[in-house]
Amino acid sequence: MAETAAPLLQVEDLAKHFPVKKGLLRRTIGQVRAVDGVSFSIGAGETLGLVGESGCGKTTVGRTLLRLIEPTAGSIRIEGQDITRLSRSELRPFRRQMQIIFQDPFSSLNPRMRAGEIVGEPLRVHGLRSQDERRERVAQLFERVGLRKAQMDAYPHQFSGGQRQRIGVARALALNPKLIVGDEPVSALDVSIQAQVINLLMDLQRELGLSYLFISHNLAVVEHISHRVAVMYLGRIVEHTDKVRLFTHALHPYTEALLAAVPVPDPLIKREKWVVQGDVPSPLNPPPGCHFHPRCPYAEARCKVEAPALREVEHGHYVACHLR
Amino acid sequence: MSAIDHAAELDKAGANVSGRLGALLFFARRYPLGAIGALIMIAFLATALFAGAITGFDPLTTNSKASLAPPGEMHLLGADFMGRDVFARIVHGARISLAVAVGATLLGCVVGTLIGLSSGFFGGWFDLLVQRFIDMMQSLPLLVMALVMAASLGPSLQNTIIAIAIPLVPDVARIIRSNTLSLREMPYVEAARAVGMGELRIALIHVLPNTLAPLIVLATAQFGSAILVEAALSFLGLGVPEPHPSWGRMLSESAAEYVRTAPWLVIFPGIAISAVVFGTNLLGDAIRDMLDPRQRS
Amino acid sequence: MRTLEVENLQTWFYTRAGLVKAVDGVSFSLERSETLAIVGESGCGKSVTSLSLMRLVADPPGRIVGGAVRLGGTDLLTLDEAAMRDVRGNRIAMIFQEPMTSLNPVMTVGRQISEAVILHQRVSRGAALARAVEMLQLVGIPEPAARAREYPHQLSGGMRQRAMIAMAIACNPEVLIADEPTSALDVTIQAQILEVIARLQRELGTAVILITHDLGIVAETAERVIVMYAGRKVEEAPVKRLFAQPLHPYTRGLIDSIPRLALMRQAGAQAAGRLQEIPGIVPALSDLPPGCIFAPRCALASDTCRREYPPYEEKQPGQWAACWHSDQVGGAAHG
């Protein structure tokens, strides 16, 4: 990957801790380290896939990036400018650069607003006062995402799940952002509709030079749409490399476990069946040392005490494991 | 398996309903009690609005010659000790009841919504303070609070409305607050934030409209309460003062002295109050059942 | 005698929007130890089918209007409610997608499982609890006696799903219906649960109906597959034939629209540049088009298709489909 002067997005040591309160006086007795020191960057026109299972912190990373959740530590830079601690009003112009698409097509749209109003709202908030101009722009956006202009006056409940997700995409595009965070954007859709929306997102990337942070638990979808992939486990990135290498030459045992667990839609392909045991641990009580050691078939004594750092083991391939 | 008449089943489900009238009749068939309640409320409304046209008598004109006249040709429902026509006083009293009930319910709902919305949306110490305040207000029974308010504010139409509105506020605030708390977390609210929308605008445009649906059921119940409380306050002399005709005061003026000698002075106002409260309860129950998502097919 | 025989099942819903034929003439059979997968997307009727088998369809607005469901010879649709309660949870059991809402949050896990046992097997509470612990062990829950004393919220998602499976097999049912049993679970836990179900099937001989939208799960666990669309079967085949040579355009479209991991592609196959789409959306069940229901979205649709609904026929030995142009469907695009 070519190193550019200032990548579109640069995240360094991002952390988000939620205090655990107990008792009448709500004393803080501990911290949930939902995101525990995460660093990555995304260039223009690039997609970074962020995968992991529940509790890994990937959704929190996405929200923290947009300052929908305030980070506890670390820095977020957009085109070199640090936006981590900007005030609400200072942050506003930067909001045009980053938008978000949500998972649930039902709750991500206000049921009492018309589809056209929902998509036009970002324009209104950022100064496009003229209603005619807004309507025209919204009509363009509708067509771009594969909806008809006539549907602008309908309400969300009149659309199917896939169409609602398209409305969400149109809303995210309204301000011409450079980066879109997709928080499981296709997970709630039927398989055949997923294909439609994935194709749409990839077309838009080609046409508009968009970058995506694609958060998902579906490895096949992530492999299809991403350029680089990062795997998260309990708040940390355990492996980070380009997609070809991640999916053919994974180095971290957890990544191997994930890949082994994905069912193959082809009965003729026989694979080594390896089912990793144990539960996905809760971030309330992470195991000491390497978080993965209780479930890792290769765990050694060192893994139980010392947390491995994310190191560049091969060129452009980062792994957090003592054994690699 | 026995044969099923598909057409009949569809009819029952309302599939063949067309047009506004058809939809109305369908709901009436499905919720007969609610339909009765609605009819009572429409009658109440019509009486209040067209009071002047319904009766020729003026409710305030006294006529000593007709004092305590029993129901008959001249006075349809009789006359009171001052010779005032009972029917006219009931019909015009409907106006007062309607004004007080609508005014109090509206005022209570608006204030309660503002409190509940801001408390739920902005949270923090403001929320904690407001919640404790609401708890205090709710710990006093509706009637007692209204009494205290009325006694301290003094009898007048406006003060009666205020006195009845105040105890309604905590219930409304509670419901709106709890809806706001859950709506605050909705993805479309987050989307608005991601765009850079201000918190106040989000509260008003995205959260408020979606909190109002459950309020409809509460408002109909409050409406019935308000009518009852107004009657009680006026009965005790703390509500609507002379010369406005009030069903409650009609009862208080007559109950003790004339209940045996001129029972019509007590019966008809009593029926009026009961009917309207009954109507609001039936209608409110039906609306609640209609909006209950579990009932939906 | 077949373990389960479903014949021309029809479950219709009477709604304000009109008549919704959620399941319209579905037939299949199941043998001991066999896994049948029912595959389809939302609205295809697969969940309503499973609820119909258990006679759990809400009435109103739904009603089973036709067909027969023969469990070991007895037609379940003719039983009265009391007799059906004896069958439910005993001879035919079901596990659901969301273990948190299917387990009673105020009862311990052990108690819930023993309730099922007591209801159907008339044993003492002590014996039932012992069986519950035995079941928890069977589904692979470590320290089962301790877990039995815990409440659902104290268990992880995977554990809860195992507990629900334990509850379902406690009475050793002939048929187990698993309705999207792993959709709400993480992928590593999903693999564990599928393994549990497979192991139980081998040890107990239970016939399993697996309802899912995930073709990967179908490929790895099912022996036979039924594909449903808008309330009807469109294809039925042994699993290998279904993937190698689908006979219905919808099946082909489903298989082609899934992105595949590199390690899933057969040697030499290229990654898909663009995913194959099935254009359009599923039609509203209250407003189905005349002729073949899939025609509006089908690349092979002809006038015949739009006019007349194709018969459901055995196009190849053991492989059935409802399509006028099965021979044109072709092998799956992915290698």
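Letters A, B and C name the chains as they come in the text, with residue numbers starting at 1 for each one.
Rule of thumb we're sticking to: a residue touches a chain if its C-beta (ideal position, glycine included) is under 8 Å from a C-beta of that chain, and two chains touch if they have at least 3 such contacts.
In this text, all values refer to a predicted model and were calculated from it rather than measured experimentally.
Enquirer: List every chain that touches both subunit A and subunit C.
Expert: Chains that touch both subunit A and subunit C, as defined above, are B.
Enquirer: A-B versus B-C: which has more C-beta pairs touching?
Expert: A-B
Enquirer: Averaged over CA atoms, how far is the centre of subunit A from the centre of subunit C? Could you give it in whole Å?
Expert: Each chain reduced to its C-alpha mean, subunit A and subunit C end up 31 Å apart.
Enquirer: Using mean CA coordinates as chain centres, what's the subunit B-subunit C distance in Å?
Expert: 50
Enquirer: For subunit A and subunit B, what's the span in angstrom between their mean Cα positions?
Expert: Centre separation, subunit A to subunit B: 50 Å.
Enquirer: Under the stated contact criterion, what part of subunit C meets subunit B in this complex?
Expert: 12-19, 60-61, 63-66, 77-78
Enquirer: Would you pull the subunit A residues touching subunit B in the complex into a rising list?
Expert: Touch list, subunit A to subunit B: 63, 66, 68, 91-92, 95-96, 98-100, 102-104, 107-112, 118, 121-122, 125-126, 168, 171, 175.
Enquirer: Using the touch definition up top, name the residues of subunit B that touch subunit C in the complex.
Expert: By the definition above, subunit B touches subunit C via 1, 4, 6, 9-10, 12-15, 17, 297.
Enquirer: Give the list of subunit C residues in touch with subunit A in this complex.
Expert: 41-42, 156-159, 186-192, 194-195, 213-221, 239-240, 243-244, 253-255, 257-264, 266, 271-272, 274-279, 281-282, 334
Enquirer: Which subunit A residues qualify as touching subunit C in the complex?
Expert: Residue positions touching the partner: 53-54, 160-163, 190-196, 198-199, 202, 217, 219-221, 223-224, 244, 247-248, 257-269, 271, 275-277, 279-280, 282.
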